[in-house]
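Two complexes come next, and they have one chain in common, subunit A, joined by subunit B in the first and subunit C in the second.
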Partner chain A sequence: MHHPDLTPGVMTGLAWYFLLASVLNAAAAAYIAYMELVSEGASRVGLAPKTRKLPNWLVGAFFALYGLAVLVILGRDLLPNATLIAYSLCALANVVVALTAGADAAHFAEAHDAGHGRGSEVHGPSLDDHQPAIGLGKPMNRTLWTLIWAIIAVMFQAMGITYALGGAAILPQFIRDGVDAVSGPTTFFVFSTIAFILMLMFRKIVSNGIVAWAGVNAVLVLFGLSMTDWDFRDIVTKPDNVPIVGMIILVGYFTWLSLRRAYINDSRMALGLPNLEEMEPEKTLTWPDLVYTELICMVALTIFLVVWGIALQAPLEQPASSTVAPNPSKAPWYFLGLQEMLVYFDPWMAGVVLPGLIIVGLMAIPYIDTNKAGNGYYTISQRKFAYITFQYGFLILWVVLIVLGTFLRGPNWNFFGPYEYWDLHKVIPLNNVNLSEIVWLQVLGLAKPENILKRESPGFLVVLAYFLLVPPLLAKIPMFKKMIAQGGWLRYFVLAGLILFMASLPIKMVLRWTLNLKYIIAIPEYFFNI
Partner chain B sequence: MAKRPSVKEILELARKGGAAQPSGGSAEEVPAEESAPEPAAAMEAAPAPAADVPTPSSLGRPLTLKEKLAAARAGGAGAPPAAAKPAAAAPPVTEEAGAEAPAEAPRAVPAPAAPLGRPMTLKEKLAAARSGGGGAAPAAGAKPAAGAAKPAAKPAAAAGAKAAPRALPPLEKITDPKDLAEAARQTAAKKEKEVAAKLAEATPPKAKAASKEVKPSTVLPKPGRATPGATAAATTAPVSRRRQFFKAAAEVCLSWLFIAWATFAAGCAIFTAMMGRFMFPNVLAEPPSTIKIGLPSNFDPEDVNERFKAEWGFWVVRSTRYNGQDIIYALQSVCTHLGCPPNWLAGEQKFKCPCHGSGFYISGINFEGPAPRPLERFKVTVADDGQIIVDKSQKFQQELGQWSDTDSYIQA
Partner chain C sequence: MGIADKIYESQLWKSIFRHPMPTDRRNRVVVMLTNFFLHLHPVSVRKQGIALSYTWCMGGTTFFLFIVETVTGVLLMFYYRPTLEHAYNDILALRDVTTLGILRELHRWGAHAMVITVWLHMYRVFLTGSYKPPREFNWVVGVLLLVLTLLLSFTGYLLPWDQLAIWAITVGSNMARATPLAGVEGPGASLLKLNGVSLITSGSDAKFALLGGRSVGEMTLNRFYVLHCVAIPLAAALLIMIHFWRVRKDGGISGPM
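Moving on, here comes the complex of A and B:
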């Protein structure tokens, strides 16, 4: 079945989407050109006042053009091509801001080097310079990065105008085929894990604002181009799945923010400086400050939810039936991680034991954790183990699985690439075998023993070894040795048990993908399968 | 809205005036009299805060909470004038409504026990109440403990004036906390003696013992409970004791508390019984568990008949795939993993579950996905008229070896 990649509606949407991307980059360029760039914790003591000033005419022109565009749209009955005119006005505003910022940045740099600003003379270090946070490296070249974001803003705007004028730029088919070909549960999960490790290893680079903004731009352009694909669009814009798109943005932003603050704090504390939270104790009065803030948030969120509820209809399906299930049948989005676990485990394990252990384990953290560092401030290096364990469990084993279950699981719970058509009849051979079959039939070449316990003895051995041998082995690692010395053996064994249960999910996933292993212990007679 | 003092300003104020009455230290001090004389003199006499206390201006950054607390503590406990200052000269603490100052020294008992540094326990309150109606004994008794617990708060200067029995100024003019405590102690001792004397006068020795049992009670007064000792002392015969027991039992049974609880328990019991009855309805509209599905010849070889899935929840399958024989069987359309209804995919010749991807052959044997065991068969029999009857009340599971049962299939 073939669906059109582009429709007029989609192209209009993409035009405005790239307009938004352009205005974001124009704003970034203007921010770097005109604003004070004093990063978190950097001191402004002894710095001369800045010469960079946001020109009033630029602000006026920007809002005037956008206001004019709104007026044109309101009067669309009188004007032919009103939408296109309004779009052009907005685009003009974006380009003006981007180009002015670029030109002014170059001018400021010259003026600064010459030692005179507008009106007053400024020598030496001033607020014009970028004051980077400690640990994040040298100050950036403001002129260069203003120009880069300005150029990107113009490029995005050009793409937007292309769509607005009917140019059908689509994501090349070979890229889509390539992505579909390499994507699968294995690659997706492994790639996510590697990305997580890289993010932690290179957190200095990731924390950098320029790198982060470049990432945002990459996501913007990829997402925009992907929307030209019918299958991708169909899945992403389902009312069910829109919150997940929002969740990815929110989780990404807050993960990055905490990572950045943690990295700055770690660098500061390594130099013996107070951390950011110590420097700016965020204490306010409950009444009126906090209560007012909460009230405003409450009202804004209510309005947002009402608008959302009107704009995107509730994704109701056919009446419930005990004999017919929608295909694919998906849990509520927040449970899709659990549903993905159910692919690898028995219901009692994936639906009861593991979720129960997640809750119990989270509750047990205060009793297990003897590390008093990190109380009231962001840090990674002082709480490496806690940070990595929690973030792996949350980001990879929960959020990434939700994304997998939402966007990449199709009919019959088969895996589909992001640009792949959800074919009801897609066949993926998944002949799974139990460990007992591998051991008795394939390795030993014998028949499976009749006795259940004897038949499943390899599985029991593996599971017992996993839970009894791994903790003592782990205890030899210096990090855990220290933990035992601080907290004692009881704490350590509780921790080890929880970690082993947590690790059982990725281990089982890898075994399923590599060995087609269904169950390590398989006693369907008594519904006991692990 | 009037400008509120920020936390910083409050602390700044406390630090300035804190030499006389630091807010942090005030909780540790003896409650000041409300009608205290003008404290201005004491405040003026107070020296500046200790030099080692950090201020925002000296650090060039806002103080952390820890530093603020340390500063407050230093201003309160460390500075000698603060501790040595007369209690009466202390200004009433306006910022802290919680630190209520009792008006008179002897009535210091029921206050939230500032000298103890914690609220009074129930036992202490009772003791206070018992020791002669508003006597100051507990306060006096508690004072030394507080003094021991917070030695830093007690000034060295006051130690010199600690001569044990000494003449005290009149109550209104007492300024030193020590004097105040001493006064309280003396008053309490006096009161205690008076009470003891009164008791000795008023009651004979035996009744006195009984009267000691009388405690101020917050629960319902129980008639007859207040003077059991006296009556018991008067009558000792076993008959009257039994009568007394019945009388007490009757009184208990007739008390409102008992009636209320009994009614509640009875209500619960009745409700439980009704719930139990609800579980066994008079009419049970369950569909019949057996259905006639037609003649065996109606079913094509190697075919899955889906006519009965929507309403009855099973497929009728005729296949040779299970054991080579051409048999007809009814497979329940419920996945053995988590109970979703799988779909029959004729193209791939398999049942496929939409929930977690379990797959089953036409025989019902599981081969992919998480399903741990094959689909289940319903009982099938041939009726007298030659039609097949499917009985959903009986199931056959392959992993238990039940598929060899002749009730689980019929020969085509």
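Moving on, here comes the complex of A and C:
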């Protein structure tokens, strides 16, 4: 099925998208060149006043150019090519900011090397010097990174102008085919899990703002180029899928922010310093400090919602018909993680028991987590087990599965790569077998017994062993020993039960991928399949 | 005396706000104690506790979205009739005929946003360990509010009565059919018999109770409408009050204990 990858509307959209990417990088360059770059709390320990300042003319020029662009767009009926003129003005503003920041950073570096502007000559280190937060390692080279973000800003702007002028840069077909070829539920899930483990292992590197911003840029490029693909665009821009794109961005940002704060806190506490949350123990009056923050948040949110409401119409499809089922039929997006579990479990597990246990398990958290540390501040090292378990559950087993169910599951709930056409007739061979068949037919070479209980006895043994033998075995691990000593056996068994249920999903996945296992216990006569 | 001062000194102003503008320390304290809406807050808060990079402002955002949903929801109820005859056409008219026709957009996008902000709020509360003593029970209340938020969104999903609505609810409610013991296709349900007659049939199981019928139909629309507009919002409002009350009682705004 062939659809045009690029249409005039898409090109215009991409031109503005890369303008946004460019202004973000110009802002990053200006931030590093001009702002007081100090670690959390450094401003509170009284460093010297800042020696760099954002030039007023630059701010003025930036907003004047953007303001002029808005005026041009408002008067588009009078001017030929108004949109292109407005676009050029915005692009010019971005490039001016990027180049000025780069030039000034180089100038500051020279002046700094010549011995000027060092606050340290007077009192202590200068804000001019970059003080990385404790634990985050060496100071960065401000000139270098200003130049890099400035160059990237100019490059993004060049891409945007290419699209605005009708140039047709698309994601090369071989990359799309390659991504689609390696995509699958297995690779997607395994890759996410590996990324999760790497993120925790290398949290020092991930916490670094430079690394994080490089990641943001990589995503910006990849997403922008992916939008040139018809199939990718078709799924991502469905009105009800737009909030999920927003959710991915928000969850990603807040995961990073919390990881960074936890890492800084852990480094500080290892040195015997107070954590970030303990640095300001004093109180402030609710009016005006909190009340005004709330007011500003409410106003900003109202504007955001109104703009969103005007820009994007709520979806309304054909009138309801109980005879014409759409394919795929999907639950509301926040339940798509549960719908994805239906691939591995029957509805009574995926739709009733496991969701119920998620709710019960969430409620049980404060009562089974007896660790007194980590109350009211971000930390990983003081509560590793709780942190990893929750993060794995939320990020991988919830958010990643929603993304999978939303963007990568098409007709008949088949898996489709991000650039693959949702073909109604795609056939995926299913040759899944039950444990009873593996044991009786393949291993023992016997016929399957008639008696249900005897037939399914291997499955019952496996499930019983899982729930009865694993908890006592785990109890021998020092970490759990400590938990039992602190909280007692009842708490431990509740915890172990919940963890085993949670782990049952990835375990079932792996069994499916490796052994084509369908059910461990299969008694369809009573709808009892596990 | 300027006009502003005259207004602050007037009987009308004093009768409503009971004190002058909170520009000095005394009145900034008094305003928090005498104003009905503000007295939800304490007079003073920990500086660290209101830092955006710490709290992410997600709980407050969720509450604000709840208010937005309530206001736009009431306005939508003026236009919408939950019957097979009218539901879809009323939504069409809301889009095409009504002045300022972004009410449904505000409501729908606000609802999606609310689901996300609830998750992020819980995410922050977990990551800062703020569910630990003495706040255990408030976390439990919060989980209940999460469930209610999802139910609100789920029941609202059906009301436009388009293909998206009916099939999403069909897929979701098919799960109820598989409830152990209580659903017609749930494990063990066929064992529940009285004198050889099955107790759990497609006309008496959990799915039937949820939908008010064997499949998604007019009774489902009515049922979900009442749940969406009356029952769940009332329950949520009650739990929100308890949630806020307990924030104050359990040590105030989050921070190192």
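Worth pointing out:
Heads up, the rule we're going with is that the second predicted complex is superposed on the first by the 481 of 530 C-alpha atoms of A that agree within 3 Å, B and C clash if a C-alpha of one lies under 4 Å from a C-alpha of the other, contacts with A are read in each partner's own complex, and residues count from 1 in each chain.
Here is the rule we go by: contacts are C-beta pairs under 8 Å (C-beta built on N, C-alpha and C of every residue); 3 or more make two chains touch, one makes a residue touch a chain.
Not measured: the values here are computed from a predicted model.
Look at A:Ala522: by the touch rule set out above, it reaches subunit B but stays clear of subunit C.
In the superposed pair of complexes, A:Ser322 makes contact with subunit B and with subunit C alike. In the superposed pair of complexes, A:Val343 makes contact with subunit B only, with no contact to subunit C. In the superposed pair of complexes, A:Glu280 makes contact with subunit B and with subunit C alike. By the touch criterion defined above, A:Asn431 reaches subunit B but does not reach subunit C. Judged by the touch definition given at the top, the superposed model places A:Asp180 against neither subunit B nor subunit C. Set side by side, subunit B and subunit C differ in how many residues of subunit A they touch, and the one touching more is C. The interface of subunit A with subunit B overlaps its interface with subunit C at residues 278-281, 283, 285, 288, 321-322, 324-326, 329, 339, 346-347, 351, 527. Within the complex, the subunit C residues that touch subunit A are 22, 25, 28-29, 31-32, 38, 41-48, 50-54, 56-57, 60-61, 64-65, 68, 88, 91-92, 95, 102, 104-110, 112-113, 115-116, 119-120, 122-124, 126-133, 135-137, 139-140, 143-144, 146-147, 150, 153-154, 157, 160-168, 170-172, 174-180, 183, 185-191, 215-217, 254-257.
On the subunit A side of its complex with subunit C, the touching residues are 240, 243, 246-247, 250-251, 254, 257-258, 261-262, 275-291, 293-294, 297-298, 301-302, 305-306, 308-310, 312-322, 324-326, 329-335, 338-339, 346-348, 350-353, 359, 362-363, 365-367, 369, 371-379, 383, 387, 390, 394, 523, 526-528.
The part of subunit B that touches subunit A in the complex is made up of residues 1, 4, 6-7, 60-62, 64-65, 309-311, 313, 333, 336-338, 340-341, 343, 345, 347-348, 352-357, 359, 367-370, 372-373, 399-400. Across the complex, subunit A meets subunit B through its residues 45, 274, 278-281, 283, 285, 288, 321-329, 339, 342-347, 351, 411-414, 424-425, 427, 429-432, 518-519, 522, 524-525, 527, 529.
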